[in-house]
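Labels for the chains are A, B, C, D and E, by order of writing; each one numbers its residues from 1.
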Amino acid sequence: MTQPSTTMPAKSAASLPNLSTLGPLIALLLATLFFMIFAPNFFKLSTFSLILQQASVVGVIAIAQTLIILTAGIDLSCGMIMALSSMVIGKLAVEQGWPVALAILTGLGVGALIGWLNGVLITLVKLPPFIVTLGMYSIVFALVRIYSKATSVPMPPDGLTFLAQRFAVFGATFSYGSLLMLALFLLTWLYLKSTAPGRHIYALGNNPEAVRLSGIPQNRLLISVYTVAGLLYGVAALLLLERIGGASPEAGQTENLESITAVVIGGTSLFGGRGNVLGTLIGVLIVGVFRSGLTLMGVDSVYQYLVTGILIILAVATDQFSRRKS
Amino acid sequence: MTQPSTTMPAKSAASLPNLSTLGPLIALLLATLFFMIFAPNFFKLSTFSLILQQASVVGVIAIAQTLIILTAGIDLSCGMIMALSSMVIGKLAVEQGWPVALAILTGLGVGALIGWLNGVLITLVKLPPFIVTLGMYSIVFALVRIYSKATSVPMPPDGLTFLAQRFAVFGATFSYGSLLMLALFLLTWLYLKSTAPGRHIYALGNNPEAVRLSGIPQNRLLISVYTVAGLLYGVAALLLLERIGGASPEAGQTENLESITAVVIGGTSLFGGRGNVLGTLIGVLIVGVFRSGLTLMGVDSVYQYLVTGILIILAVATDQFSRRKS
Amino acid sequence: DQPIIGLITKTETNPFFVKMKEGAQKEATRLGAKLMTAAGKQDGDNAGQVTAIENMVAAGAKTILITPSDSKAIVPAIAKARAAGVMVIALDSPTEPASAVDALFATNNYQAGVLIGKWAKANMGSKKAVIAALDLFPGHPVGIARHNGFLEGFGIKGVTSKTADIVNTGVACAQDSFGDQAKGQTAMENCLQKNPDINVVYTINEPAAAGAYQALKAAGKEKSVLIVSVDGGCAGVRNVQAGVIGATSQQYPLKMAAMGVAAGVNYAKTGKKASGYVDTGVALITNKAVAGVKSSDGKFGLANCWGQ
Amino acid sequence: MEARGLIKRYGQVVAMNGADFELRPGEIMAVIGDNGAGKSTLIKALSGAITPDEGQIMLEGRPVSFRSPIDARREGIETVYQDLAVAPAMTIAENLFLGREILRPGPLAKLLKIVDKKKMLEEATRHMQGLQFAIKSMGQPVETLSGGQRQGVAVARSAAFARHVVIMDEPTAALGVREGNMVLDLIRQVRDKGLPVILISHNMPHVFEISDRIHVHRMGKRAALLNPQKISMADTVSVMTGAIRPEDLSADVLAH
Amino acid sequence: MEARGLIKRYGQVVAMNGADFELRPGEIMAVIGDNGAGKSTLIKALSGAITPDEGQIMLEGRPVSFRSPIDARREGIETVYQDLAVAPAMTIAENLFLGREILRPGPLAKLLKIVDKKKMLEEATRHMQGLQFAIKSMGQPVETLSGGQRQGVAVARSAAFARHVVIMDEPTAALGVREGNMVLDLIRQVRDKGLPVILISHNMPHVFEISDRIHVHRMGKRAALLNPQKISMADTVSVMTGAIRPEDLSADVLAH
């Protein structure tokens, strides 16, 4: 976490864009190497395709979380918005018999609407993002339960869309969902890197006063970030639906911490303005590699907590050291 | 959340120390008034003593969290350290038959040790507090389960110390635990306000570079903050033991979010350097008043989530408006 | 004056407890009682339950029904409530000691595990079983009871209802599912990766079973692997009928809740407290009955299931 | 541009106490005054960065009310703030073009607002060339620059984009002799384009070298309006510090 | 105080390229140079804020290695940094005494490190009095001060606490004429106490008014050491900008 400070001579090198994903990447490679050696069955294409599939839902959420954290915000309501959105799509498409496309659009719309509300409360009423999204978590949590009557909605066997399908490459099956996640990461990376609003997001987290004084419509930008985040939670909801084959009222309770963890492991500063969405992808994958690798090693679930804790700290320490070297 | 920025002319008034607790206080008074009118049995001394008792454990944790957040850090491992500490005290005093004082000292020591470790990783290895304490959460989570064999340890009926005792004032029973919490808040407030290290904590969150350049032993200060926090989690462990009459391996999973919520509602900036520990006390009480009041109103538990979410946002909005007025 | 009855469940999210709440609400409306509800933040949130007990006593509840998250740690708080003249009934799982409450209306989770264990064993016959266990959460008593019960039923030696830890002998892969469908699926995927020969899957509940099935289907193994589960929710029973789950042990949360509310109303009217242990029963639901294990079919299951 | 009776209070502090201001087309107006006199507050009000509690601002005769810097920018007013509103982790080029990035040609690029990094780097080099700040690359993050170099970035930005009025709050404070002179050149160039410039400075030689009129700010308001051709530097400093009362000045040194 | 062959690289940028430095007891040494010449980098190395990659620093003949500003402070070196290391939300008094708060009397207060706020306010008022910055109250947060007022706080801090060497990086940059002169007075007072002062400034009149020797920094190293009594301002600027090569100067304008 780069401390907010007027002067940061010693740290500035770390913010050069080309370096910021190098550290996490080294950590990812080290972890992969470790498990290749010590975890039987790890070094298989099917293991990697599995890690990708498992990462897809949190991955899409973490994209949105990265955008928000870059603006020096935070979103605790992400998982719950996803849960509500998936419930809406599931109920409308399966139980009410709406056309699939319409149900999906409505679900995405619900996500975007709640995201927009977050954004409005944060920018116009000027409330801390932590509080707004924590409150929203509670509110949406209740809405999900009331709306779903705490019952899950199973999907038809073939899913709603092509996202449920899988395809084989060299004998390993990949899901279209994980492709979609990768595509979204790429798009967001290009967006942040190459478009004017993308650069403004960095500037906003870097020095909000500079953005204000430079005449960028700061509020509109921030609201649109939260709205797009809500939309992405809707996409995550669709991936979740297709992946687990149903809408579950229990979904969405841990995704906030998981996505923030991926963002921070990926080298983005919680204080905003510094970081890279590709780092987040690596962060998501690091967590997935740990989970898979430890299971394949047959580590008992209690000890998995122990080891995961140590490994997460080590991963970020590797990142730190590789930065200090360069 | 005051954005980190070199220039903040419009916001500076909000940071005047005498104003920073006024907003949360108004929110607390409004909430109390509301429940006095609408919740039967709320306007009783016994209700207030109950809220205080229920707030005592999270309250003590939130004191530590305030210190850490003032330095621009965060502690996600707080509840877990408390759980381990309470398990150590419980096991040693009850199962192993150690002298009570020695068991308590050991428990506090374990808390302080883990806090110290957090501090060392954050300051010397320069890792983000979010990651260090998240990793520590996982590690200690596993340690608690391994050490306790997932079984809870009941206390003797009279508790271990006088903290389990209660005393009556006008017919309402108060616990010594809640008195201890109030005393700790007062002490921390004085410490932050009136001692040199207390002021340095503010400076550290305000501009770490200024602290470094001014020759304050920055690392030592930061490590000591995390160590003292660990010690406070030990105290919270003792309060928990005495309050619920036993050490539970499942304890400590929600205290991180709860304490951070209290700190932020209390008007302390998550970016560090601005805030007040008395605000945190008010934040803890606001949450307690909501919970109590809603239960007494007989609101269904799902709707309690809905209403709590709305109320938390409203409370902070009240704070904002009362600041903008002044 | 309406009698006030409090119901404290483990969580707000698990459908099992949500249905229990609905059952209680229905019965309370029928008997003219006022129901207050609260829940822990998550499984194992003992402090939240203590707080709920205190607040309900303050609100004037004369009966409190509770599904204890931590069977031991909750005892002092219950004792305090009882000392204030409140009747406390444990639902679903007992306290330790069981005498800490006035009465227990519960199901035997260990027995539920034994039933599906026996059924699975009989189904496998002489085939070598490679077992995966999708558990609840590290150190969770309900999870331990069901898991170990399953193993005893399956014939693994050295497991009894007193065993305090998850026993992992004879299990090829054990993972936590948190009772959640998505996490259950992830756990199953990783287990299959670890050992592709898995042919029996024990799951802590039916959402986890649905997740396991999804993972097996993706691997093309849904036909050759046996899934057993516990709960007996309507969605789960439908999955039994669809062949997704081989067998499930059905429990009756609505019954527990209704009995609890009735006892509370009775206490308010007559001052007579309920006492003792009432087993609300467990039934094995499967469409493939095997010899030597008593079971009911899906139709029975659907008629008695909870939820929708 | 004109302002009448601007007042701005911060709690008990009155930062501006009935300040008047007037700027004519094409002139360089120097604003001088002691530290804390309220100069920055005055120009923040003129550029929309703060909203005055009382008073009125007029542009070409019609009253305007800037609720944000966006409003002022729309009117073509560009400002170099004393505390240099730059984003430290971003490159020089990006800071120069913050809020008006050069987009790639083509309708799709315009729609998606794809920035033309190469063009921006080139343009940035061109803009900064006039100032010769010995900066290696326009792709460097601003936080790696020296204090004076940062100021150069802010100055170049305002000069490049102003369409109506340029306001500079102590643009030469951190600059070396050579660089300071280049900024003065730049200011002249802006004036020669016909834009008026407001220059706050504590550097009397600079002020006398370049300004057409001198606005002396004292205790939150305009104390006098001087003619640098007529008055001496020493007298000006005396007015500024309060050693001479403006009333005691002979009429010909005053500007109108 | 002496330094030999200091080198500091940031990636490809060489901020200091074999810089020498020498300071004699009781003298005022001015350091001048273009923007980005590496002056701030040099004094950051001398004050422990950065560690040079190569080279050696000596204090009273013995080599020292400052790994942090604490080390330099212990040796009695006080610095005003160009970017003013102040904590914006804290009061002026607190910033003045940051790291060496005045404690209440009595052993208990000493043990608990209870600060004496009243005394600190009084002392702060006393320290700042010499500078007359028109600041209402020492209990004001620094972020409410004007740019020049903030600089005054940083200058007063260094002057009040130095025991060995005072380093000031452009202390008068944001100051008004009156305030700038007061800071020069303050520097003289410090020198009269027998402490040497290093003064970085772009203000040539100030430099010539006060300094005993002038260190000209150019492209990361010392280009010349001049005697302000002998050399003209114009020639100095020429050396600084590279218009005159130091070798071409007559020997008597050089300082030794």
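One rule holds for everything that comes next: a residue touches a chain if its C-beta (ideal position, glycine included) is under 8 Å from a C-beta of that chain, and two chains touch if they have at least 3 such contacts.
Only a predicted model underlies this, so the values are computations on that prediction, with no experimental measurement involved.
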{"item": "Comparison of A-D and B-C (more C-beta pairs in contact)", "value": "B-C"}
{"item": "Chain whose mean Cα position lies farthest from chain A", "value": "E"}
{"item": "Identity of the chain that, by mean CA position, is farthest from chain D", "value": "C"}
{"item": "Interchain centroid distance [CA atoms averaged], chain A/chain B, Å", "value": "29"}
{"item": "Inter-centroid spacing, chain D versus chain A (mean Cα positions, whole Å)", "value": "43"}
{"item": "Averaged-CA centre spacing for the pair chain C and chain A, given as whole angstrom", "value": "32"}
{"item": "Two or more partner chains touched - positions in chain D", "value": "10, 49, 81, 83, 85, 144"}
{"item": "Per-residue overlap in chain B, given as positions that touch at least 2 other chains", "value": "6-9, 12, 16, 141-142, 145, 207, 209, 302, 304-305"}
{"item": "Per-residue multi-chain contacts in chain C, two or more chains", "value": "12, 42, 138-139"}
{"item": "Contact footprint of chain D on chain A as seen in their complex", "value": "8-9, 12, 15-16, 194-197, 199-200, 202-203, 206-207, 209-217, 273-274"}
{"item": "Chain E residues touching chain B - in the complex, by the definition given at the top", "value": "49, 68-70, 72-74, 79, 81, 85-90, 94-95, 98-99, 101, 103, 112-115, 117, 141, 143-144"}
{"item": "In the complex with chain D, residue positions of chain E that touch it", "value": "10, 12-13, 32-37, 40, 82-83, 133-136, 144-149, 152, 170, 173-180, 202-204, 237, 240-241"}
{"item": "Chain C-facing residues of chain A, complex", "value": "40-41, 44, 46-47, 50, 53-54, 57, 141, 145, 149-152, 154, 166, 173, 240, 243-246, 248-251, 253, 291-292, 295-296, 298, 300-302, 305"}
{"item": "Complex contact set, residues of chain C against chain B", "value": "12, 21, 34, 36-39, 41-48, 50-52, 54-56, 58-60, 69-77, 79, 138-141, 144, 164-165"}
